[in-house]
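Alright, structures below, take your time with them.
First chain A sits with chain B, and in the next complex the same chain sits with chain C.
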Partner chain A sequence: MIAFRPPTSLRVLSAALMGAVVLVAAEGASAGMAYVSNESGNSITAIDTATLTVTQTAKVGRRPRGIIMSPDGKVIYLCASDDHSVQVIDPATLKVLRKLKSGQDPELFALHPSGNPLYIANENDNQVTVLDVEKNKVVAQVPVGTEPEGMAVSPDGKILVATSETTNMAHFIDTETYKIVANVLVGARPRFAEFTRDGKKLFVSAEVGGTVSVIDPETRKIIKKIEFKIPGVSKETIQPVGVRVTRDGKTAFVALGPANRVAVVNAETYAVEDYLLVGQRVWQLAFTPDEKQLFTTNGNSNDVSVIDVPARKVVKSIKAGGAPWGVVVAPQ
Partner chain B sequence: MSRPDRRATSPGAAEAPRRPLGARGYGICLAGIVWREVLRFVQQKERFLSALVRPLVWLFIFAAGFRSALGVSIIPPYDTYVLYEVYVTPGLAVMIQLFNGMQSSLSMVYDREVGSMRVLLTSPFPRWWLLFSKLIAGVAVSLAQVYAFLAVAFLWGVEIPPAGYVLALPAFIITGFMLGAIGLVISSLVRQLENFASVMNFVIFPMFFASSALYPLWRVRDASEALYLVCLANPFTHAVEFARFALYGQFEPLSCAIVVGTTLVFFTLAVIAYDPGRGVMGLRGGPRGDAP
Partner chain C sequence: MPLRAQPASPEAAAPTVLEIPIGLLTREVPPPPLYDLLAVPEDDAVAGAALAIKDNNSTGAFTGQHFTLNTATLAEGDDPVAAAKALVDGGNHFLIVNLPADQLIAVADAVKPLGGVVFNVGALDDTLRADQCRANVFHIAPSRAMLADALAQFLAVKRWTKLFLVVGPQPDDIAYGEAVKRAARKFGLKIVAEKPWTFGPLARERSDSITRSDALVFTRGVDADVLVVADEANDFGTFIPFRTAEPRLVVGTQGLTASTWHQAQDAWGSAQLQSRFLRGANRTMRPTDYQAWLAARMVGEAATRAKDASPAAIADYLRSPDFSIAAFKGVPLSVRPWDQQVRQPLLIAQPFAIVAVAPEDGFLHQHTPLDTLGFDQPESKCRLK
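Let's look at the complex of A and B:
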């Protein structure tokens, strides 16, 4: 058999084409990914943050809610509330690698900046479970107020904050002694807590109170209670939940639940600067690592809206699974 | 007074060979008609104001009331949820053209009553060219109104992608032609200025309300399948959608085809209607100020 040998020019061209294909493929592989937990769909959805398209959806445990990633981006941690476990998921395949002990009904959690341990809010047991993710071992269980949900760890890893929905408090817990060192009364039904990157402010949203309290973690006093008012939208539907603050600490984004808006707040003056229309019952938020995009989960319209952060515009809404709840974007 | 020749040729045409009109002549004719319409528009400041106020009332008051009610579904060309005022803006822009088309037809009726149309229609240029020039004049005026409205809407917070303002220009020209051509046909049917109120009742309102200008068609379909079909058959719906997609940098071929087709049909009808030998004008005794 005579082997066909193409002319040199053709070989150069084909090599160049192959190179281009490899380049494009490599770019695709390194592009950022967002992962969304679908509460009623019992699944997670992977979204390419460059093309803003769904790349994969996979079944996970029952009632998936809180979702975070390890600092190295190698695994996803997911609260499977009705399975009473935290699932460890491979971000590439979306396969459940293992299950961790979580205590009853885990809803939200926070990871220590070092990547271990994991602090889990057990809504029904009124406690916080501290879990060593390497050994799958419960290190401590800290009793807190009724229905704990929001969890945040200070950037230096020394203070854990848990918000309890019925007690209306933010509990400050020492991460070495696992003792509550302070309680701060905030608005009704606090849902979420977020430290600024420098650790000098703590934002706590209150769903029923309709406010976001800004707390000084040093003095543990409320500096400001941010209120929201949207023309043409009733006050009752303004229910702040997810909060994210930009790395420079200048802007906070607040998901306003059934008001279907994300508020843009000046995190220095606390003035509300804009309201961005997203899908229905917007719940949690996540920035891309470059903070150019913000993803929002819209539980009632079953989609995820993407906000162009510098332009402060909603650029797209993408269909996800049933009742999207939490969202995390892979670190790059 | 003797009745003039219905063919409206220049006197003495039988004796002397007709001088070719030439492209320059056509241009002068077009420029004259457009300039007259523009002057008329500029001098009627109230007309400009009312043309602007009408859609702005819808935008500022009506849309404000529905603000929270309509951000419920994503439909092309939008990629995400939009406020109601963003949704209605293209429809209101085309509404300006609808009113403008009818206003032009009103001015045709007025011209006929005062006799200036006789001057126009007895010119040596073909009837279709005169009507076409009249259409261009109407479109030019409507474009000024539409872009003034879009500028105010922008200040009100209705931001359209910057390229959309340019890309929508051809769409607005074509939709302006369609609504102007419909206006021409109507003007040939309306005998007196006083009858114009019925044009409002029977043309403008049904065309505007039974369309996708104020509410998406899926909403109409939820309420009534029959009404949905009426809206779908309404060329105004397609004019609105054609402009809406163009404003967001997209081309909607079906709407474009329907708008262009409707324009051709109505323009042909207008040319026939204004032909004194064949059309409605002929049956009425010609385009004369002293018609019986």
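Let's look at the complex of A and C:
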């Protein structure tokens, strides 16, 4: 075991920084912070969204992937896939407070709008685990298709959507009965699902299919399959993963994996309006609460790109840990 | 006990469940000697197909389709044609075949009038994708040309351009050697020397003591960057590394190899596939397993997408431009319409690590870089019928 021993000056600096963060935390806010899970680095990186600098990096469980925050911004939930647990992390200190029973190999998850329960995709067991985060108690386990990953809860909290990567479906699950009420066949290897804020549309990305399906959650039919075409980039490398839609439902941002671009899509006409060049193998996205900035995780260049949303420009790349996977920005 | 919810019952989703049986025709492997590190497992290919059936059924539970696998294993001297016909007559119109080229062709021709669709998961022969191609055969196994091209691209990127080719005595070895020569011409490499292997299956030689062999004197004095070995039966290739006169990297059928699958592969979500396979078969997944898995998954994927499980409809869908499948290779796989070969990235690996993936960056193609591996449309001698 080789321990990392930072030079003294760095240690003093990080101690000073810790003090600063604790001070902010004392004022009761993680506001203004973005947190990135580093899949191969086994760490999370905290980034100040105002200064766009890394304030802290902390060791967490093995193979951290999905990362979200409680609606009040008080805790971070992190899928530590190879530790088969969800870790509850203090955003101020980045210390692991608790470990939750996630079931095997948790990859991504979604929180009920009320903040409880947590719906976890168990990629290796073909099921969704419903977990009461207060009591750390498994409420239900719902069998779904092979390799579930993408998870989304409708804004009214009534429907949970899980996408299964090898079954190629979006499963609609009733959050009261835990029964599957519909299965929508989408493109190959669906990785992510995102509801619009009004709950009227569901975006599901298909990494290998190269498309994003827009589903009407009412009829559970596909309204539109969005396709992408980038001059000089081979079709096979256009692999949509993370999707984020602005609150007004007008614009969708789609991370295109090894195409190294984020597509800007008109979420009403579904026309692709722009491709923004970011770091390598871009997977997940997160807006700041004011939706002025969008953070992207670039797993092969080990960095985070910051997009100025109104200007539709990449303004900065920030070095993160090994293979950045997920990102969450603290609520206001 | 947590409540274990059920998926929406298949009855509710689809009133009738459609049965889709898939046949697998393979042959017994000779029993290994008392201790054989590299013995081919008895369930090679079968374990892969079995896993795909499970994967297909997880989708089928929601779409009202149910897949089963029916395996026939030929003993020495058994007639493959009779076994194939029996499988097809039993309703297995999709036939995964893990047999040598001559038997594969006999099977394909025999089941054609019965509507049988054949998935070749074992034969690498380029002729099967050329003058011996068949309209009712899809090639899931890579061709020798694809394997050699993949390695040649890697060597070209490395600028290890001087090749010393050592070819074994079997017809398959000679065919592999020819594929290497073709790949060398295609990617600007030079065969600086070629020698036949005439020393017998030294890698399999057994004795009561570890013999310290002399350096392989026939390798002396050849100025090459790498030694390319052609030994598909694994009789002597593993004997060569570190026994050459000069320090010499070994690539080809041993040492650094090209393959569809590898036990060290864990990128693009394949850790999940590897782990599912390991749990089911109690061993790691081999290329033939992966190819059989892919064949059965292709049937499943086509049945789901085409919403029709008749052999003709599935074969039509597989060869159409609409078909592509996610198969843990980072890009979608599809079928070349001119010879019905699955186009796929190949893994360049040493025994315990992936070193590169072909096609390498920079090898460009007007349609897809995947078609830089193997015989491309303009040069294909296949006329499907």
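Note that in this section the second predicted complex is superposed on the first by the 301 of 332 C-alpha atoms of A that agree within 3 Å, B and C clash if a C-alpha of one lies under 4 Å from a C-alpha of the other, contacts with A are read in each partner's own complex, and residues count from 1 in each chain.
The rule is simple: a residue touches a chain if its C-beta (ideal position, glycine included) is under 8 Å from a C-beta of that chain, and two chains touch if they have at least 3 such contacts.
No experiment lies behind these values; they were computed from the predicted model shown.
By the touch criterion stated above, A:209 is placed in contact with chain C alone, chain B being left untouched.
For chain A, the partner with contacts to more residues, out of chain B and chain C, is C.
In the superposed model, A:188 lies in contact with chain C only, and not with chain B. When the shared chain is aligned, chain C comes close enough to touch A:180, but chain B does not. Shared-chain residue A:223: touches no atom of chain B or chain C.
In the superposition on chain A, A:271 contacts neither chain B nor chain C.
In the overlay built on the shared chain, the residue A:138 is in contact with chain C alone; chain B does not reach it. Touch criterion not met for A:97: it reaches neither chain B nor chain C. When both complexes are overlaid on chain A, the residue A:169 reaches chain C alone and has no touch with chain B. Residues 64-65, 67-68, 71-72, 74, 79-83 of chain B touch chain A in their complex.
Against chain A, the residues of chain C that register as touching in their complex are 2-8, 13, 55, 58-59, 62-63, 269, 272, 275-276, 301, 304-305, 324-326, 330-332, 368-370. In the complex of the two chains, the chain A residues touching chain C come out as 105, 123-124, 126, 138-147, 164-169, 171, 177-183, 185, 188-189, 207-210, 234-237, 239, 258.
Of all the residues in chain A, the ones that touch chain B in their complex are 230-233, 260, 277-280, 301, 303, 305-306, 314-317.
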